[in-house]
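Below is one structure, written out as structure tokens; comments come after it.
We just call them A, B and C in the order they show up, numbering each chain from 1.
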Amino acid sequence: MSADRTPPNDQASPADGGSSRTKTQGDAELIRFDSVTKRFGTHTVLDSLDMTVYSGKHVTLIGPSGSGKTTILRLLMTLLKPDEGTIKVGPHFLTHEEKAGKLVPAGEKHIREVRKNIGMVFQQFNLFPNMKVLRNITEAPVHVLGLDKDAAEERARELLDLVGLTEHLDKYPTQLSGGQQQRVAIARALAMRPQVLLLDEVTSALDPELVAGVLDVLRDIAHTTDITMLCVTHEMNFARDISDCVMMFDSGRVIEFGPPEQIFSEPEHERTREFLSAVL
Amino acid sequence: MNNWSWSYVGDIMPDLLKGLWITVQATIYGSLVSFALGLVWALLLRSPSRWVTWPVSIVVEFIRNTPLLVQLFFLFFVLPSWGLTFAPLTTGVIGLGLHYSTYTSEVYRAGIDGVPPGQWEAATALNLPRRRTWIAVILPQAFRRVVPALGNYVIAMFKDTPMLAGITVADMLFQANSISATTFDYLEPITVVGILFVVISYPTSLLLRALERRLVR
Amino acid sequence: MTSALWELFLKGLWITVQLMVYSAALAATVAFGIGLARTSRFWIVRFLSGVYVEFFRGTSALVLMFWLFFALPLLGWQLVGIWAGTLALGLSYGAYGSEIVRGAVQAVAPAQREAAIALSFSPWQRLRKVILPQAVPEMMPPFNNLLIELLKGTALASLLSIGELTFQAKLARLSTGQSAQVYGIILVLYFAVAFVVTRIMRLLERRAKASVGRAVPRGEGWFSRKLPVEQQGPEALATGGKP
């Protein structure tokens, strides 16, 4: 995982963490979208999208709702399938696999293998209400990674400590506040030790006074680990804080990207300016 | 007008209660069969393959839309000719279980569909295997929604057990009928049986309501 | 299967259909009468209709049929078999139907009632011109289910030796000894009737919905009969009933 944080040069550089493929360089690509198109009925959500995210970088996707940001995360999590194009995670295709030298649509087993590297935190938390907090976190490590129960619980306790919820491990999700549930969900995703963490509007469903707690936890993770983050958010201050690269989406395309200072202070694109003035 | 005789009621009570016990047994075993078989239908109907869902849905619709009594006759008269000879009660349990499984499968379907999509997505995001997703995440949550509705079908089945008298199972109705055939006095036996059904099924349905309030929060 | 046997089946089928139509007519009358009574302003009307519903849903239709056929004569009323069957089926399925009517009437938006009051309609006009036209389309799918259950219930009448389909099958079995064919055939016949009934009910639903300017979603499976398994409140649960 090279987290090469060279300062951005005059053009947006891959060192910002992401690129819409204006440049290539020997940096480690972790996620690569190649002309990915996704339609819902007649509505084209992603329009032949090219995008690269480099290892260890924190990339934030911004843009008006319906611009396709969340679709990118859901494609990566295999909750959706692209209509056209390919998605690569590390050296492997997520959407396809090579069989006898040919690219064929990926089978379940292949998808599971590639998907292991990706974790996701949802807008609505999606904790399992029938499991206590601790088991929410240990369930997948035990049954997917094959960790033994004690090791998984050990790890879960560490993560609960990280998100500041150690005393709640024996509660059911419904007994926690939204902010606490979301922090458990973050711990649950991290317990799988993913290379990439997808954050899908993780504070949108929270009461305003609970947002800060969740963002603090994420900031902490962003600054202390080398995990790659791909983040959809409306919290512009948070985006400015943690991002190496901000991508502005509109109508299924990346219309502008670069380091947060540049995007937030001197956006080049008219649409970006409009969007930022509306949300800031 | 025929006079109601309490002493006659007292005389026939032991036989009717014997019949009640058979009725209860048929209901319990029939329910268990329908719970298990219904789950099988429900899971098969979720198969991605049309080669599975089509035949299963035809079988399920066929059983659901034809009379239980005729199905019982079919099992009772036809199974032996296929070399499968069961006691009448066993045949009755199979019939009840099979018929009601086509209803419980709908209960399971609704219960499973009622689990929010986010739960499936979270299971995918954690890469949980399919089996594990079902066992640890989906079914436990569907369970809460399913129990009260299944309870309703148990009561419905209870009220359908008198049909087993048609295949010589010695249930309450059968007992009442054979008593009456010797005494030529139908009034008390049949009336008592009818009232026993109300006396049992009404409080049970009240209990179910209470259970539902508890489970569905 | 000889043509004589087919004649037997067709005769039985005709009586089955008659039994179903008569019972359905009675059940519909009971359903609307009791169902509307349960929304009455007077507690005694609500209470008595409630007792009716709980009693007839609580007991077994077959036992009721036996009672009407064998016990009632001892109280001085002799009923012809087919009327005992009709009465038993009509009274018990009417009790289930009344819950459908009550549910659909109560589901009409309160604002509709208020608007009708504001226009100073009489209670009867409110019911006939405003409430029922909106409630009836909602009743069609559950009535469809009830009608199929009723059709299945007509087979019970065979135990009173009424010459409907299941009884004719018994005769056919006794004369030919071919149980599998005989019962196989009449199961298919029952299924065919159920299918036709469902189609007709869907058509009526479409009509009823069109009359209040709403569309019916198409394509709900090839049989397109949906069971009411979603929770409908405690009242529906009290039935313990299939319909």
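What we mean here is this: a residue touches a chain if its C-beta (ideal position, glycine included) is under 8 Å from a C-beta of that chain, and two chains touch if they have at least 3 such contacts.
None of the values given here were measured: they were computed from a predicted structure.
Student: To reach chain C from chain A by way of touching chains, what is the minimum number of steps?
Tutor: Minimum number of steps from chain A to chain C: 2.
Student: Counting C-beta pairs in contact, which comes out ahead: B-C or A-B?
Tutor: Comparing A-B with B-C, the pair joined by more C-beta contacts is B-C.
Student: By C-alpha centroid distance to the whole-protein centroid, which chain wins?
Tutor: Closest to the centre of all protein C-alpha atoms: chain B.
Student: Using mean CA coordinates as chain centres, what's the gap between chain A and chain C in Å?
Tutor: Roughly 55 Å, centre to centre.
Student: Would you mind pulling out the distance in Å between where the CA atoms of chain A average out and where those of chain B do?
Tutor: Measuring from centre to centre gives 49 Å for this pair.
Student: With chain centres defined as C-alpha means, what is the inter-centre distance between chain B and chain C in Å?
Tutor: Going by mean C-alpha positions, chain B sits 20 Å from chain C.
Student: So in the complex, which bits of chain A are touching chain B?
Tutor: These residues of chain A touch chain B: 77-79, 112, 115-116, 118-120, 122, 124, 126-131, 139-140, 143-144, 188-189, 192.
Student: Could you list, by residue number, the parts of chain B that touch chain A in their complex?
Tutor: Touch list, chain B to chain A: 116, 118-119, 121-122, 124-129, 132, 136-137, 140-141.
Student: In the complex, go through chain B and note every residue touching chain C.
Tutor: 1-2, 57, 61-62, 65-71, 73-74, 77-78, 81, 103, 106-107, 109-110, 145, 148-149, 151-156, 158-163, 165-166, 172-173, 176-177, 180, 185-187, 190-191, 193-195, 197-198, 201-202, 204-206, 208-209, 212-213, 216
Student: Residue numbers of chain C touching chain B in their complex, please.
Tutor: The contact residues of chain C facing chain B are 54-55, 58-64, 66-67, 70-71, 74-76, 148, 151-156, 158-159, 166, 169-170, 173, 179-180, 183-184, 186-187, 190-191, 194-195, 221-223, 225, 227, 229-231, 234, 237-242.
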